[in-house]
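Here the structure comes first, spelled out in structure tokens, and everything after it is commentary.
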Amino acid sequence: MSVNTSSHTERRIVFLIIFLAVMVPLIFPIGWGSEVSPIARMSYDLIDETPAGKYGLISFDYEASTITELQPMAVAQIEHAWSKGQKIIATALWPQGPQMAEASFAEAKRNPAYADKEYGVDYVNLGYKVGGIVTLQAMGSSIRDVYPKDSSGKNWDDLPMLKGIRTLKDLAWVSSLSSGVPGLKEWVMIAHDVHNVPVTGGTTAVSAPGFLPYVNDQKQLHGLLGGLKAASEYEMLIDKKGPATTKMDAQSVAHIVILLLITLGNITAFRRKRAKANLTGGQNA
Amino acid sequence: MKHIYYLLIVLLLLQSAMLWANTTSSFTISDKPWDKGEALILNWNLPDGYDRLNLQKADSLMVYQDMELDEPLVSGFVDDNLDPDETYHYRLIAYNDALADSIFIEAQGQPKENWFYMHKLSFLLLFLILGSAIVFYVMAARRGKDFYIRRISGLDSMEEAIGRATEKGKPILFVPGISELDDIQTIASLSILGQLAQRAAEYNTEIIVPCRFAMVLSAAREVVKEAYLKAGRPDAYREDRIFYLTDDQFGYVAGIDGIIVREEPAANFFLGSFYAESLILAETGLSTGAIQTAGTANAHQLPFFVVSCDYTLIGEELFAASAYLSRDAQQVGSLKGHDFGKLLVILLIVVGIILEIAGQGWFKSFLMGAGS
Amino acid sequence: MKRNIPLILAFVSGLIVIFSEFIPHRPFSSIVDSLQEWFMIISGFAMLLGVMSLLRMNAAKVSTRSPDWQYHLIGIISFGLMVLMGALWGMEEQAGILGQGASISAWLGKKPFDYTYTHVFVPLSATLFSLLAFFIASAAYRAFIIRTLESNLLMIAAVIVILGRTGFGTMLTGWLPESYRFWHLPNLADYIMQYPNTAAQRAIMISAALGVIGSGLRIILGIERSYLGGDK
């Protein structure tokens, strides 16, 4: 498939318009509201209904490229779980996951309400393990065998909050923030389907439709956060005006511009079609 | 008169038995059936009047530790995460605060490994039916039965793509997806790579294969090398054109986009597992005017490929590609087995809907794996 | 023989994995655990293979001064710098050969590896992903042209979903009373995503899953051999 020169120019004009549509609302915010979707609320409810003292696991299955969409979800979930008195274990199926976890915890602790949260007592960062789904299968037998040390090299036994943890079954919920494979799908297949642990998660907006079939009667996925909009909805649910809420204006304007471009594309196509018809008609005549 | 006495005695005995049942307590431990020996079922029966329970388990030093119960006055508990064939000791203490009384019962149990996961019976049956169908059709093909396979334009275009690359003297780019070798989509992709590389070798056209994982790299090199050997051109095989870029998802994309822009391959193949990067790859390829073929079983990325590529293999077509290209009778036969599987699934869905409407939930429960 | 050994290995391991799915008793459960551990170990070692390939390929391009060799040189230098910074001063709380690098960390505000990661790598990666916004706009501009009834329906659905995903869409139908809640654009968008879209996704997933089972069986039975490089 190829594009001709005029299409090349059109593409560049489209790029410029989108650039402006994203940039302007970031500088001059509009403040449009948002409605919380039932699927995002399900994800919120899972953490909200978990009793204090229980353990949640957030798997950071993404890297720097998708932080704009996924990091706000991580921070919101961490703050939400801490507000409910839960303890958080961070793991990663992607090599850069531990850094993402570190940054998310640091961001959450910037909120004065959680500044006193202590490493090893309220949260741990177990780090990255190679192997994808195989790692998760092994965690079903023993998390400690898979992660004898945390991401900074501390022994499992030196982290007091891990005393009550043996296998995946000891977790109240799992959330995989995932931008590809291995990620959310693998967590559903192992944590939910094999060990019956409730799983929720977040993905980039372009991958979200693929995970909707897992939000079903069997609750293979206990809700789903798809893209920046869902992240902003989660922030709304925990009453936080976070980065996702701020960036939603830019996304909204970009969407409207895309709609205008689609309209423009149709008008152009219609005019070309008519001109072509006229030309053919003229030749025939 | 004598009969009345007997009747009175029987009634008296019955009443005593009932009273005894209300005042005696039991604590039984049994192995959880159909599992891998990692759980025990604890059941107890206590007389009325007890308002608090304490369940304890002995640790390795035989010191009893309190266990957490979901509700204060339950009559059973499943202790899981145990090791098979180990003996576990439990103690149940019940308190009656009003009478300042308590009872104390001890029991022990041993989890045993079983030989079948009963809740997977439905999966086993479906697997056996589907497996048998595939084997049956493969055998039929081996006996010489000819099976029809519909046209897949994305695969028919392969010759056209290679021809275009040969004409222009430009290379072919093959991206085997962003998954590891444990993803069957990557395996399917490598199977297509084998066929493609063989044709490319015959046409003397260069093929570039950037890989995201080192395991995929070594498999891809082996596949291409063998293909060149089969084409009778082992001298034309260039190992440095099949290389590792990075494990990083968008670093990998940046690398591929760089190759597309600098080397301007005449044909791009994106076959395998793709996620958020699919459109970035396909649109960059589109801008260079390459003939593009994509294929993935990740349905959510198909719209992006459809918009920007000339041909798209949808879902199962990716897995059928190897059979389609090789025209190997046995492989084509196995595709007939897939079709049987589809028919079976449609049948199960229809039957399931009818039974659910009729209020018969057993069928759905059976298929969902209930009954463990 | 050279081809038969991998085929036998694939057959035996495939059968073990299938059996272990249904048999909880040892040795099946323990063999599968061992196979999983082997895979993790091999994956770990394979990383080395990748690094070797990367360096060899780029070094060859630089040494032969092939076209655009400068890019390959930058690749090697960036790789070397990150490894060096990580090895000398470590990352986050982990110490390197020269310890925690207190003075250089005080100067940069972070360890050199973390500084480069946060201020170079993260923005570069995020920039690349953000290209998606531009490409989606351009693809949408081309894709949603009304030609037939189907493309008309597709465009209507697209407009509802796009608007429903914006704050503007919420505002547009927010005035509708609660009894007409279904007609709120975000709810309409959710409906399209949850029902028609999910139904289609499921259909593709089911047929792809059948394809996976079929491919798996073909590999286990040795009918499909092209992933090994040949069929003889």
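Just so it is clear, A, B and C label the chains in written order, and each chain counts residues from 1 on its own.
Convention: contacts are C-beta pairs under 8 Å (C-beta built on N, C-alpha and C of every residue); 3 or more make two chains touch, one makes a residue touch a chain.
None of the values given here were measured: they were computed from a predicted structure.
Trainee: So, comparing C-alpha centroids, which chain is the farthest one from chain C?
Mentor: With centres defined by C-alpha atoms, farthest from chain C sits B.
Trainee: With contacts defined as at the top, give the pair, A-C or A-B, that has more of them.
Mentor: Contact tally favours A-C.
Trainee: If you average the Cα atoms of chain B and of chain C to get two centres, how far apart are those centres in Å?
Mentor: It comes to 17 Å between the two C-alpha centres.
Trainee: With centres defined as the mean C-alpha position, give me the chain A-chain C separation in Å.
Mentor: About 14 Å, centre to centre.
Trainee: In whole angstrom, how far does the Cα centroid of chain A sit from the Cα centroid of chain B?
Mentor: That gives a centre separation of 22 Å.
Trainee: Which residues of chain C are in contact with two or more other chains?
Mentor: Correct list: 39, 43, 47, 125, 128-129, 132, 136, 138, 142, 201, 205.
Trainee: Counting only residues that touch at least 2 other chains, which ones in chain A make the list?
Mentor: Those would be 11, 63-66, 134, 206, 209-210.
Trainee: Quick one: which residues in chain B touch 2 or more of the other chains?
Mentor: Correct list: 180, 182, 247-248, 250, 276, 279, 299-300, 304, 308.
Trainee: Can you name the residues of chain B that touch chain C in the complex?
Mentor: The contact residues of chain B facing chain C are 34-37, 84, 113-117, 120, 123-124, 127, 130-131, 134-135, 138, 180, 182, 184, 187-188, 190-191, 194-195, 211, 213-215, 217-219, 222-227, 229-230, 240, 243-248, 250-251, 253-254, 258, 262, 276, 279-280, 283, 297, 299-300, 302, 304, 307-308, 314-316, 318-320, 322-323, 326, 328, 330-331, 334-335, 337-338, 341-342, 345.
Trainee: Could you pull out which chain B residues touch chain A in their complex?
Mentor: 80-81, 178-180, 182-183, 247-250, 273, 275-279, 286-292, 298-301, 304, 308-310, 368
Trainee: Would you pull the chain C residues touching chain A in the complex into a rising list?
Mentor: 33, 36-37, 39-40, 43-44, 47, 92-94, 117, 121-122, 124-126, 128-130, 132-134, 136-138, 140-142, 144-146, 155, 158-159, 162-163, 165-171, 174, 184, 186-187, 190, 193-194, 197-198, 201-202, 205
Trainee: Which of the residues in chain A end up touching chain B in this complex?
Mentor: Per the stated touch rule, the residues are 1-3, 8, 11, 63-66, 94-96, 132-134, 166-167, 169-170, 179-182, 204, 206-211, 218.
Trainee: Considering only the defined contacts, which chain C positions touch chain B in the complex?
Mentor: 18, 21-26, 29, 39, 42-43, 46-51, 53-54, 56-57, 60, 67-68, 71, 125, 128-129, 131-132, 135-136, 138-139, 142-143, 200-201, 204-208, 210-219, 221, 223-224, 226-231
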